[in-house]
Structures are given as structure tokens and as C-alpha cells.
Amino acid sequence: MTEPRYTLTLSCPDRAGIVAAVSGFVAQHGGFIVEASYHTDQETQQFFMRQEIRANSLPFDAAELRARFASLADEFKMIWQVSDSAVKKRVVMLVSKQDHCLSDLLHRWRSGELEVDIPCVISNHQDLRSFVEWHGIPFHYVDMRDKNAAFAEIARQFDICCGDVMVLARFMQVLPPDLCARFTGQIINIHHSFLPSFAGAKPYHQAYQRGVKLIGATCHYATAELDAGPIIEQDTLRIDHGDTVEDMVRYGRDIEKAVLARGLRYHVEDRVLACGNKTIIFR
Amino acid sequence: MTEPRYTLTLSCPDRAGIVAAVSGFVAQHGGFIVEASYHTDQETQQFFMRQEIRANSLPFDAAELRARFASLADEFKMIWQVSDSAVKKRVVMLVSKQDHCLSDLLHRWRSGELEVDIPCVISNHQDLRSFVEWHGIPFHYVDMRDKNAAFAEIARQFDICCGDVMVLARFMQVLPPDLCARFTGQIINIHHSFLPSFAGAKPYHQAYQRGVKLIGATCHYATAELDAGPIIEQDTLRIDHGDTVEDMVRYGRDIEKAVLARGLRYHVEDRVLACGNKTIIFR
Amino acid sequence: MTEPRYTLTLSCPDRAGIVAAVSGFVAQHGGFIVEASYHTDQETQQFFMRQEIRANSLPFDAAELRARFASLADEFKMIWQVSDSAVKKRVVMLVSKQDHCLSDLLHRWRSGELEVDIPCVISNHQDLRSFVEWHGIPFHYVDMRDKNAAFAEIARQFDICCGDVMVLARFMQVLPPDLCARFTGQIINIHHSFLPSFAGAKPYHQAYQRGVKLIGATCHYATAELDAGPIIEQDTLRIDHGDTVEDMVRYGRDIEKAVLARGLRYHVEDRVLACGNKTIIFR
Amino acid sequence: MTEPRYTLTLSCPDRAGIVAAVSGFVAQHGGFIVEASYHTDQETQQFFMRQEIRANSLPFDAAELRARFASLADEFKMIWQVSDSAVKKRVVMLVSKQDHCLSDLLHRWRSGELEVDIPCVISNHQDLRSFVEWHGIPFHYVDMRDKNAAFAEIARQFDICCGDVMVLARFMQVLPPDLCARFTGQIINIHHSFLPSFAGAKPYHQAYQRGVKLIGATCHYATAELDAGPIIEQDTLRIDHGDTVEDMVRYGRDIEKAVLARGLRYHVEDRVLACGNKTIIFR
């Protein structure tokens, strides 16, 4: 277990002196910077920054850090936040019947690799109840015959759980635009193709028909437009003419779970900053 | 230099006994099979096969091999051909101003790695004349202001050269449908994206706008429909938010040349069999 | 679930006519070959072959197939076997405390992707008992304080279970040479480095000290010499200077489980043929 | 062509406030930081830093920048340097008969991708003279029958050329320890294996004998101990049992040239910082 850290992420219009001002602020309180990353978007001239500070190097807590940083932030017109590694993010998972992503994430969670809380798993099927409950995690079934009611219930559960992020771990249901809008930047989906190729239904069938030589998976934020949200992580895998759709589905599971696990990790470690419909990933 | 080989490629409706019949035919003449590959397309139930036979293990030449094989081929309704490694394929290259693919292929050719003849290089610019001519290869300039005349001239040069395959090594010109139709399966293009993503113009700009986390390249046969022909080879490469379009162009050159070199090699070694709009690659 | 198949694997001194003879034998009984692969080792001039035959295309069962094939096999001095996809391989897993490989393999098993029987899991720790037993799989604890007794017990359990293959899924114990010798080609280990680099203990520490830019994992058959047996599968992953040993351990788990899963799959599908201290993998 | 930049690289004992001090220094003169990277080595608690500053954002030149920075550097006990992108590094290449790396690097140079000067190419064979001279680059032949004299001549030519870096582009000669010592951190070698596997002669033969499933290449600084210097860049490529040593040599060329090109680029862009026998690569 790593020592507690505060993670400061911010964006603001680019200009000379931002790094100096922020580093100066941290240094002035004796703060020890463990990791630091910067980026300027060329199109918008927006500056992005992430700093991890050793929590016990500062003489005050996260609340006080936020309070003191606010005036500097105002001066540079920053959009910013400070997160505290001692406060775990709360991840609500939505699944259907397939459990390769869920199984992979729960293993990472129970082995301590993924340092989050999982207040519940929600599903439109009962198949995975026993596996989830074996982990001591509540399992909520939602009936999808009434979609409006089902999505309202999902939102309600997320609120009750004080969820920070909703993971569609092969949920196989299209979320309504208003839900996506309400939780912008909080819903992470895994799509089983290398987007923008093969958006929508049955991407492996589409890939088979087109005769591509690689298949892929994409982890992205869900937005109102299907499979068009900001991409967090992607990967591809070589296939050949001998591979059937079923083979692709099988190989694909391995990329899907790897890509989702990396994407979710970046998100919960505050490594993902939105920049229009793109993401900056400070690894 | 490897020993001379005959390469038999064929396709026919699938049924039991094809491999036995063909292997039996080869064995009956003492033929030594060096490499053998098979595939059945599930959708069409078409069978595909490739065998490399040591030329000097047979008591006759390629012409006689073809003559004797013909009746067996008829029996199974085969589409087939026998190529002789002693007869090099003739590759005509079309280039514009960028020479990374050309330079890469010419190196492979002059080092003996790519065992083909290159009767000429055709370009709509004079920039690469000196480099091509240093290799002792004729360089033909075509004036693109009159596109019809230019493409007619390209076809004429290809015919004069007895070209087997035309390589669009970043030629940057869209070939007219009739030319593509006339040389079906003989024109190899390298497109600088992971198709079907980002077909058409400026794929790296499209990739930048979409915020993908990998870029790619695709080697495919040119057909009447732009960037939609059968895919021979593809690859991808990881990028990140810090990469500009110029960075992508730079990284992309390395995948483009690698993918084109592999695709062309498969083609000239008769490893590519067409199957509708898909390819079977017998590596 | 695929249709039942017989898989014929063989090796024999190379000569003309082997493929014809075997294919002829299969064809003569109406056998339908679904997949076929060949290889000749250049150093030993040994020929290797694998054919999958649709079981119901033959008018007899696996026993009869074996009986009839024997005389042909003798003629060519073949080392050979026929396996029947309807008879699942029995995989005994040995684990310690870390469960990333076990968890991954059990998921593949319970989802039906890995078509084997798992008669038991053996461990020198009690940590994973509950997880294994949730799957309905017997869990045997062995006490490693008396190593001789422990390894005797492992061998005994393997025999009782009629085990076909023993998987060291991060077992973290060096098997005695006599056990390796007794089960040659039946014990699969996953080593957490790209062998031959960093054999032995603490490979990630070794990798960190050497400053390599990629880490890897190797799935191999255990032999008397530690980490020196025939390699089945390997893969590597990019790291950088910022990655600590702990980071490598974390990333490494993902390659370890992927490499072991692929290697085990090749083995249980009879795709691995031994050739001295090397393997032929007919994918 | 990118705008001129000053690149400041430094290392010093880690403590709070370094980033603030350096950023403050730059900001105080109106300097605009374009790219910034940091790293602390956990074992030595040494801090490493690289900053690219837009040259025309500062009111003085590189010499003045160095003069002014010196006192800050002293305070923190920094080992540091400032390089100016307007002053190109001078790269001397050493080759033998194989030209895949040379051809690749010369293409990158003549296309403007690799922004260096190449004052000469040195070889112990005449084979590549014509190709090098076509580029307008002087070609020096050294006679290797007297190794002492030959290496003395190489050092002399490097000095005459005011060389910054010597690239062993498959030079195939072991440099004497004193030469390596004299030009520590200035000699870049490409070794055709994934080090530390298969150091020394004939690595592809070694790889073939061991039966590995991936081959690799390593770009590293030459030191007195053969193939044991700090690693700059590595990569691997999948092979299979069907690949002969000759196939590995062929595939290997593509990784060798890619890995060397990336490694050299990192070096000439001052992205490589030595840390004991390891490197920090600020990409």
C-alpha cells in the first residue's frame, strides 16, 4: 500500500508561469511532489496539469489544501480538483450475463490491486448473483422489460450508493441520453471494437464481414451519442482468416477486460482529464 | 537464396478427399512438399489450399506440372495456378513525393530480401528520380494535369513492362474505377489508417480529431470503391494525447512501410488468396 | 460447443509422400479434415503433423481409428497419438497464495471457454480454499515443511485424479527433478520473465536492476533444470523508468495469466509437439 | 520544422522545492515551458528533470541562460546541461556490410525527420561507399587488419568531425574498452537480441537453439563490458517454430532499425538521462 497522496488536477488557459505558480504554492508549504504531468492542447491553447503530493508532507489536510489553493486557481481561471487517496472512489458495476470483465475487475479488487469501493453490482439477469455475493458485494437485479423504470432504478441505486463512477462491464444495454447527460464523465463503457470502426451492435460480426486483420476494444465515457464518447483506452489484437466470429469473441474478451481495467484504473487515479471529446491520460 | 520451388494455389467447393487427391498427385511424381496450408471458408464452404513443392523433386518442369494437374483440377472444379519461384514477379511502383515506402522497398530489393523485378517506378513528381535512377531502375514521370491521359499512360507502362503487380507506395492519387477493375487483385495500396476507420483523405487528421489511442495502416487491393478493397495486412501503434498530427504522420510512416512490405511480400509469394472481399493469407 | 473431433498428431523421419499417405488413409474412410498443419525440423529432418478430423465423418470410433492407423504409422516409423475432443483433459492446478492465474483459468473454465476437467486444486496455503470450493472443485492442502512428503503427496493426488496435465499457476516451489522426469511434457509452468533472461528467483527485481524496457512471461514445460524446459508461449510488455518493481509485478500479472492461458490451451488442444528442447505449436 | 527550443536536463539529490525553483527561474524571465518531465530514482533518491523552453520566449540566448542558471544549479548540486535545438548534434555512423540500419537512418535524415548533421560514415568495407556518397556524405574506409590502428583512426575521425555521438549501425566489431571509456554515453549500439538474453555473437542462432517464441533488439550505450551497457530502447517480435535462423535475421532487421532509430532520436533530443547502468527516457 502506497503512502497517502493528494492528487491535484487542473486545466486553464495556457500562459507562462503556471507551473511555477503551482509548484511554488506547493513548495511554500513544504509539499513534496511525487509525480507531475503537463500538457497543452494545441487547438484550444488550454493547459492541463496533474500533480501528486505526499499527503504527510503538507501541514494541513485536503480540505485546507483546497481552501488555500482556491485563490491561486481563481487567478489563473482554473477548473480544478483535489482528491485524497485515502478516500476511495465508489464504483458501481453494471453487468448482463457475461462476466469476463466483472470477474477480472473483482479479482483486481479483492487482491488489492484496484483500490476502490464497490458498493454494489447491478444486473438485468440473475446469473452472476452468486459470484458477486461470494465477494460480499450486494447484487441488485433490475427488470429491463420496463426500460424507463429500470434506468430510473439504476440512477437511484447509484445515488443511494454515493457512486463516483458507473462501469458498464458488458452491460449490453444502450443507456438513455438523459442518464448519460446527468452523469457526464462518470459512466465508463467497454466497447468490443477499435472505435470508430464497428460502432453499434455485433462489432465482431462486422469485423468478420470486413475481413480486418486485427480486432480491438475501446474503453470510453458514455455520452448521448452511442459509442462516440471520449476514448480513454484502446488496444488491438492480431487475428487471421482462420478465425471465426466465435474465435474473435473469445480473443476479444481478453482485450476487453485488459482495456477496461486500464481505463478504469486511469479514471480512479484521476489520470483522465477531458478535453472536448478527447481525453488526456497522465500515466 | 532458397532452392527453386513451385507454388500451387487453388480454391474449390469443399468436400472430403481434396487434400488426399492433391497430395497423392504430388507424391505419385515423387514431389516433395515443403510447405502446405489449407482453409475452408465457413460462409461459402469454399476450400483454399497452397502447397510449395521443391522444383527439383519433380521429374518435369512447371509447364508440364500445369498440364498434368489440369484434369485433377477440373474434377474438383478448382480455380488454380502454379507459380515458379525462378520466375520473379514484376513490380511497378507508383509514388508521389514521399519516399518512405519506396525507400524501404528498394532497400529490401537491393539487399535481396524482396525477390522481385522492378521494371520501373512511375511518379507524378520529379523529386525521386535521382534516388530511383541510382538503383538503375527507369523512372517515368506522368503529368497529372490531364488525369485521363495520365492513367492511360500508367496502364500502358504497366503493360509494356509486363507488370504483375502495381504498388501504390503513397501515390496520393485516387485511381479511376476502370483501372481498378482492369487490374483486379493486381493493385496494392497502402492506406494510412486502420481501415475501416478513417477512409479517404487526411486519416491522421481524422484520427487526431476523434482522439483515438492507436493509429494504424492498412495494405489492401485497390478496387473501384475507395479504401474498401480486400485487406491484406494491417497494424497499429500506440500514441497519446501529447502527439500532434505531425507526430502521427512521423510514427505512421514506420507502420505504413512495415505493413506495405509485409503485404507485398505475401502477394509476391502467392500467399494471398481472394475470398469475396476478404483475403486468406497463408503465412 | 464445437462438434466432436479426433485430433491426430504425429512425428516421423521426413520423406516424400507422408501427407499423401495420411490424407489418403483419412479420405478412404470418408474422413473430413477440418484443420491440418505440417512442419519439418531442418536440423533433425523430423516431420511433424497435426490433423483434426470431424468425428462423425468416420464410420468408426477413436479406438478403431487408432487400431486401423497403427500399421500405416509403423510403416513411416511414426510417434503418434489420436485424441478425442469428447474426452476432456484433466488439469490439476498447483497454487500458492497469489491467485491471478488461478482466477483467470477458473473463469475460462466456468464460462466454458477452456474445455477441460479440473479434478482438484492443490496448494501449500489455505488462502484460496474458499474461492476454489465455491467453484465446486476439491481443494487439497499440502504441508511444505516436509518437501519430500509434500511432493510425494502431489504426485499421489495427480495419480488418483488421473491427471493429464499439472499446471504450476504461480506455485512458487521448485519441483524435484524426479517429479519433472516422471511427468515429462505434462507439467506446465509460468515463469515471470522473458526466458532465458532472468531465470530463477525474483525475475522482476532482476529486470529492474538491469534496466530493461520490456518485461515478459514464459509458459514452458518443467524439466529437471530450473526454467530451462521447452518454451510453449511468451509475451512481453513495455515498461519505463518510472515503473517500480511493484509496478512490474502488477503489470506482469496480466502477461503471466494471458501467456499461461494460451499455453495451456495449446497443450489441451494437442497443438504442442515436442522437438528436442523446443516446441512446435500448431495454432 | 518546429520553433527553436532550449532543452534543460538535470539531476540532483531529491528534496522538496526543486520544480518550484527551476520553474520559478524560467517564469521570472518570461520563459515558456513547452514540455516538462520529472523522475525520482527510488534507490538513489536522485531527482531527474527535463524541460523544453521556447527559445524566443526568453530575452537572452543559450549562453546567457547557462550563465544565469549556474548559481541555481550549484545550490541544488545539479549535474545539468542546456542544449539548443538550433545547434544540430553531429552523428558519426559506423557500418560494416549490412545497410538496413544505415539506409533507414539516412532516409530519416534526408527526409528531415532526424534533425542531425552526419559529418561522415566510417566502414571497414567499401560496399556502402556509393550509397553513402550519393547522399553527399563523406565515406571513410578503415582497414581492420590492424585493429589498434583502425580504432585509433576511428577516434581521430570522430574528433576531427567534432562528433557528438557515434552510432554502431551493425558495425559487427567489438570496440576496445578504452574507446568505450573515452566516449562514455556517446556510443550507441544496436544489438540484435532482447538483452540480457543472447549477448555476444550470433544472437539469432542462440534464439533458434533455445526455441524462444519472440525475438528482439536492444539499443544501448556501449561500455567496456560487451552488450552490458545502459539500455535505451528495446522491442520484440513474434516468431514461430516454422521460422529458420534466416527468417529471424530477416524479421530482425525490421526491429533493429526501428529500435535504433527510436533510441538515437531519444538521444539527440536529450531525452536520455543516465542513472547508474540504467537510463531514464523522458518521452
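Annotations
We just call them A, B, C and D in the order they show up, numbering each chain from 1.
Everything below uses one rule, namely that a contact is a pair of C-beta atoms (placed from the backbone, for glycine too) under 8 Å apart; a residue touches a chain by one contact, two chains touch by 3 or more.
Worth saying up front: this structure is predicted, and the values here are computed from it rather than measured.
Looking at the partners of subunit A and subunit B together, the chains they share are C, D.
Counting hops only between chains that touch, subunit A reaches subunit C in a minimum of 1. The most distant chain from subunit A, with centres taken as the mean of CA atoms, is B.
Counting C-beta pairs in contact across A-D and across C-D gives the higher total for C-D.
Between subunit A and subunit D the centroid-to-centroid distance comes to 37 Å (mean Cα coordinates, whole Å).
In terms of their C-alpha centroids, the spacing between subunit C and subunit D amounts to 41 Å. Touching two or more other chains at once is no residue of subunit B. Against subunit A, in their complex, subunit B makes its touches with residues 39, 42, 194-198, 210-214, 216, 230-236, 240-242, 244, 275, 277-281, 283. Listed in rising order, the residues of subunit D touching subunit B in the complex are 98-100, 103-104, 107, 111, 113, 131, 134, 250, 253-254, 258, 261.
Those residues of subunit C that touch subunit B in the shared complex are 16-17, 19-21, 23-24, 26-28, 30-36, 38, 40, 57.
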